[in-house]
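Two complexes are shown next, each including chain A; its partner changes from chain B in the first to chain C in the second.
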Partner chain A sequence: MLSVLLDTLFDGISIGSVLLLAALGLAIVFGLMGVINMAHGELMMIGAYTMYLVQNSFGGLGGVWFESYIFLALPTAFLVAALGGLMLERWVIRYLYGRPLETLLATWGVSLILQQFVRSVNWAMVIGLVLWGALILTGRLLVWPRWGNLPWMSRVWVIAAGALAWGVGALAGERFGLALEEPWFGAEGVDVNAPDWLQGGIPLGDFQLPASRLFIISLTSICLLGLYLFLQKSPWGLRIRAVTQNRSMSACLGIPTGTVDALTFALGSGLAGVAGCAVSLLGSVDPNLGQEYIVNTFMVVVVGGVGNLVGSVVAAMTIGILQDLFSSGILPLLLGDKNPLTGFFNFFATDSMAKVIVFALIIIFLQVRPAGMFPQKGRSVDA
Partner chain B sequence: MLQVASLDVYYGESHILRSVDLTVPPGQMVCLIGRNGVGKTTLLKTIMGLIHPRRGSITLKGESILSLSPDQRARQGIGYVPQGREIIPRLTVEENLLLGLEARPRGSRSTKIPPEIFELFPVLKTMLSRRGGDLSGGQQQQLAIGRALMGQPQLLVLDEPTEGIQPSIILEIEAAVRRIIESQGVSVLLVEQHLHFVRQADFYYAMQKGGIVASGLTQNLSQDVIQQFLAV
Partner chain C sequence: MKRQFSRRKFLLYGGATLGTTMLLKACGSQPTPEAQSSASPTTSASPSSTIKVGILHSLSGTMAISEKTVVDAEQMAIDEINAAGGVLGMQIEAVVEDGASDWPTFAAKAKKLIEQDKVVTVFGCWTSASRKAVLPVFESEKNMLWYPVQYEGQECSKYVFYTGAVPNQQIEPAVTWLLKNKGKQFFLVGSDYVFPRTANTIIKGQLQAQGGTTVGEDYLPLGATEVTPIIAKIRAALPNGGVIFNTLNGDSNVAFFKQLKGSGITPDKWPVMSVSIAEQEVQSIGTSYLDGQYASWNYFMSIDSPANKKFVSDFQAKYGANRVTDDPMEAAYIAVYLWKQAVEKAGTASDLEKVRAAALGQSFNAPEGKVTLEDNHHLAKFVRIGEVQPSGQFSVVYASPNAVKPQPWSQFVASTKGYTCNWSLDRPDAGKFKMGST
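For the complex of A and B:
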């Protein structure tokens, strides 16, 4: 009995760890810019696919490579997702500050684009995109400066370059057929093979602690600690905290707020990428991966209280454990057959029903504590 | 040092500042007076770049700063002490002071708080690890001035530094500002209601309904003008 309970607790903590890892990035971005990034889940997905690619290229070499590819995959996923987030901030969100609804819609659009992109990306498409980027860069550096008095020409250039690049991509696809046109990943899920040392478990009494879950828990702890130290001890951390609390005064002190925004967004996105790696260890990776996690991730941020790391930790663990408690069906087991509540809990003992009841609990909780578990206290609240 | 010429500022469609001209000569202290709601804070915010004027020019050391963002203006040497103090509430006093260093040119930054700050405001030394938001109003005001000084500004912009503060602290703040001007040669633009403090300035400008209606040397400040523009 006890071991079953421990097992549930452990599973709950590991689910909570994934949620926390995903929520950290969202929480710091939301705290700083008041922006809800609907594409955060897709940044996780990008991280997961990055893990898959690294596993395919380096893990394929076998031996030591396979055993340790994950330590290359984590920083790579962080960088790729951070870069994606940086582009999102520079090209989309930057223009929508102060308009939360538009930001919500725009990032939702981006999330759909990203999902479709991983479904259909192939060599022909990549060739076209790279060509387009190269043409725009050439235009920017060499051609546009001479058109100082004809600014609209640069737009024509971008569109024409796009058409040309698309044409070349399509032609190449036609010419070389499947070699270029076969999707890299497709709409089906792909599986990341964890190294052997992550597949076993550590025996503890009469049950096993799965190594992959232990790994996720330690990964989350390390990220949390790193983030905490970064925010509290580094100069950029200080700037981020200042801008989070008073943007216009921070600017008047000489803090480059635009840079702070971009950096924070990249950091949050990078953390999403790492979360994606963690998720890829738990199941197959598909284009909808982001969607599955985003709602829970929001819940963590809301329940924990905005801009509060401790709150996020407690909220993530609570939600994770509750979820597992309901879905594992341990409650009916504990209560025994006679108890009238047993039927009730049996009914909710599936993954999706467990989500339903957790959300219901969250809604009730937010009625009681609208500002989350740990609202800001002290004189500073009304300052 | 600072020159503002024919500045027009609007909030939406309401015309707040009307063709304002104002000059702060190097090393001098200029005081802007006027009753509540005439647009003094609006003028200072426009100088900082928080509000964009519809017409007019602002030049610092002979160069236009209109196209610069607030953080760039701060790094050009403007130190701002806003009305309401705007201490970052959940940072410690020490962290608030360190943020003042952001306005210094890159490379010349130390990470230490120079002792002059504590000579000017001894209270701060005992409170370094307290949260800025938990300080009293007078302490916050001293912190706000200290924070602005950390950036070694050439122009210090103060918005009602004595608002809601007891007389003994007002005198302390006054003395501190005077010492800053004497020892560091900074120029000061001050918005003030408190007559004693106003008299410390070299020049005054009086504002009414968003326009400058009187100006001159502070020595020549007449009882009439005081009656009309200061809430004494």
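For the complex of A and C:
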């Protein structure tokens, strides 16, 4: 009986740690900055695809390279996703601070663009995009300064450059056919094979602890610890916390809030990239990967209480353990056949029904504690 | 000041334009093959000399992974027919619509194809849920749907031709083979929608009839990737090994097999038989997770026949050398050719009654072997069971000696036992009537 309980606890913690890892980045972006980033899942997807690319470039070397490519993939995914997040913040979200609805719609749009980009990206498209970027850069550096009083000309330049780049990309695709037009990834999922030592498990009595789960649990702990140390002990962490608590006062005291915003967003996005790597060990890597996690991650942050990392940890673990408790059918087993509750729990002992009851419990909980488990206190809360 | 303002504006506009361009380009890239196919051989063709057909699959959303490949196969068949002179001297023009993995969208797009584009037939759908959603449209419009995927049966519509397998051509032979070779205790895992639930009803009936036991049954929502609780249940129900029968569909399969291996549930003691895992899915799950597992289909890419070799090499030449072919793609390819033969026999593409009558009994030398369209609108097909090899291909461990006749109404389900379907008969209940009754 004890081993069954421990098994359930382990399963619950492993579900919870996946939730937590996925939600960690969002806890910063949504929790600390208050930005509703619907593209968070797509940043995870970018991390997972980065893992795929690293696997293909280094895993192919075989031997030690394949066994350890994941340690290279994790920081790479962090950097790539952080860069993606930085661009998103600088080009889109920066203009929408304080307008949550617009942010929501804009980031949702970005998430769709990213999904479709991964589906259709090919060399012809990349050639077009790079050419466009180069033309805009040339225009900015060499041509526009001479126009002086005609700022609208720059817009014409951008559009014309876009049309030209599109044409060149399409022509190149037409001329060289499949070589340029074959999608890099396509709409289908790509295969990420974990190193052998992560595919197996550690035998323990009559069951086996999956190595990938243990790896994710430790990765989550490391990320959590790193994040805690960064926020609490580093000067930039201090600035982030200050801006979170009172933006205008921080600005008055000389903290560069714009830089802090960009940094915080990049950090959250980078963590999403790491989470993407982790979930690619468990599930499929395809353009829809982010969609499967976005609801759960928001749920964790909302239940935990906005602006609080401890809340996210407790919420993720609670949801994970509850989900496993209901759906693995352990409760009817413990209660025995005679208990009147057995029938009730048996009814909810499938995966879909367990989700129903977990969501119902969350709704009830939010009725009692609308601000989540650990609500933020203080005068600036409503600001 | 002024310069800073314009730079800021520029970034905003630039970002927006970049986004729009990518989106437009992404959307624009999909219909390209269609444009090519309609324009390639006879550019001087006037509108009256083309036959419009519809292609209705999910090009976005969770099912796009699978359905996109079927669209490729259908378009290849159409291009081949057009290059060889078309049908009745006319070119085929394909109108591609995106069902977006959303069942009401499928119904709306089907209506659009039939009413606005005036297509004479539609090749489409993957999930049974989408087929059930468009069925009322095809029945009220009296149009024609060619459905290319194996499914749970228990349906026989006058307005649908089914070129995939029904349970007695895939699931039932697989269960018989498992009982004979792998074990008597079955755990059933499926996605939570109509196909797996009906399939599992049939499997349970068959196990009862043939001396097996069902030790457990569980369902995951489509797209779910958290399979830990199911694995815990399998461990509890089958502590010393047994058969896992897998009717999961889509992304959940990847999660299921990756985590199964991590939990030490290996094919030597717990063989998994899948009915939705074909070469395409093997590629995206990763062969190291699937090595030694089984799948039941009518067609495998590894079949050694001239027809299949030509199919595979043509497909790879058109779409890329790393692409694979699989069962639903082959069934979709067959569907286009059977429709063409029926139209040629009927001498018309627009008189659907005549085309329907002419379609019955058509044979096609398909990559899987010679298939025949039976009177119940389903195909007589070959049954094969394959074992996944490290190369990602299947080695065939069982093949039926002859094409197996389809039984859309399952003989292992009490409510449909003894029923059959025959659209060559002129009777009001031709879709479902008791065998032997007149």
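Rule of thumb we're sticking to: the second predicted complex is superposed on the first by the 346 of 383 C-alpha atoms of A that agree within 3 Å, B and C clash if a C-alpha of one lies under 4 Å from a C-alpha of the other, contacts with A are read in each partner's own complex, and residues count from 1 in each chain.
Rule of thumb we're sticking to: a contact is a pair of C-beta atoms (placed from the backbone, for glycine too) under 8 Å apart; a residue touches a chain by one contact, two chains touch by 3 or more.
Note that the structure is predicted; figures quoted are calculated from it, not measured.
In the superposed pair of complexes, A:Asn339 makes contact with neither chain B nor chain C. By the touch criterion defined above, A:Leu281 lies against chain C but remains apart from chain B after alignment on the C-alpha atoms of chain A. Contact with chain C, but none with chain B, is seen for A:Arg155 once the two complexes are overlaid on the shared chain. By the touch criterion stated above, A:Ser218 is placed in contact with neither chain B nor chain C. Touch counts on chain A: comparing chain C and chain B, the chain ahead is C.
In the superposition on chain A, A:Thr257 contacts chain B only, with no contact to chain C. In the superposed model, A:Val192 lies in contact with chain C only, and not with chain B. Looking at the shared chain after the overlay, A:Ala242 reaches chain B, while chain C stays out of its contact range. Chain A has no residue lying at the interface with chain B in one structure and with chain C in the other.
Note for the complex: chain A touches chain B at residues 238-239, 241-242, 245-246, 248-258, 376, 378-381, 383.
Chain C makes touch with chain A in their complex at residues 2, 6, 9-15, 17-19, 21-23, 25-27, 29-30, 59-62, 64-66, 68-69, 192, 218-221, 223-226, 228-230, 232-233, 235-236, 239, 251, 253-255, 258-259, 261-264, 280, 283-289, 319-320. Remark: chain B residues 48-50, 69-71, 74-75, 80, 82, 86-91, 95, 98-100, 102-104, 131-134, 147, 151 touch chain A in the complex.
Per the touch definition, chain A reaches chain C in the complex via residues 7-8, 11, 14-15, 18, 90-92, 95, 109-110, 112-113, 116-117, 119-120, 125, 128-129, 132, 136, 140, 151, 154-155, 158-159, 162, 166, 169, 178, 182, 186-194, 198-201, 203, 206-208, 210-213, 279, 281-288, 291-292, 323-324, 327-330, 333, 350-352, 354-355.
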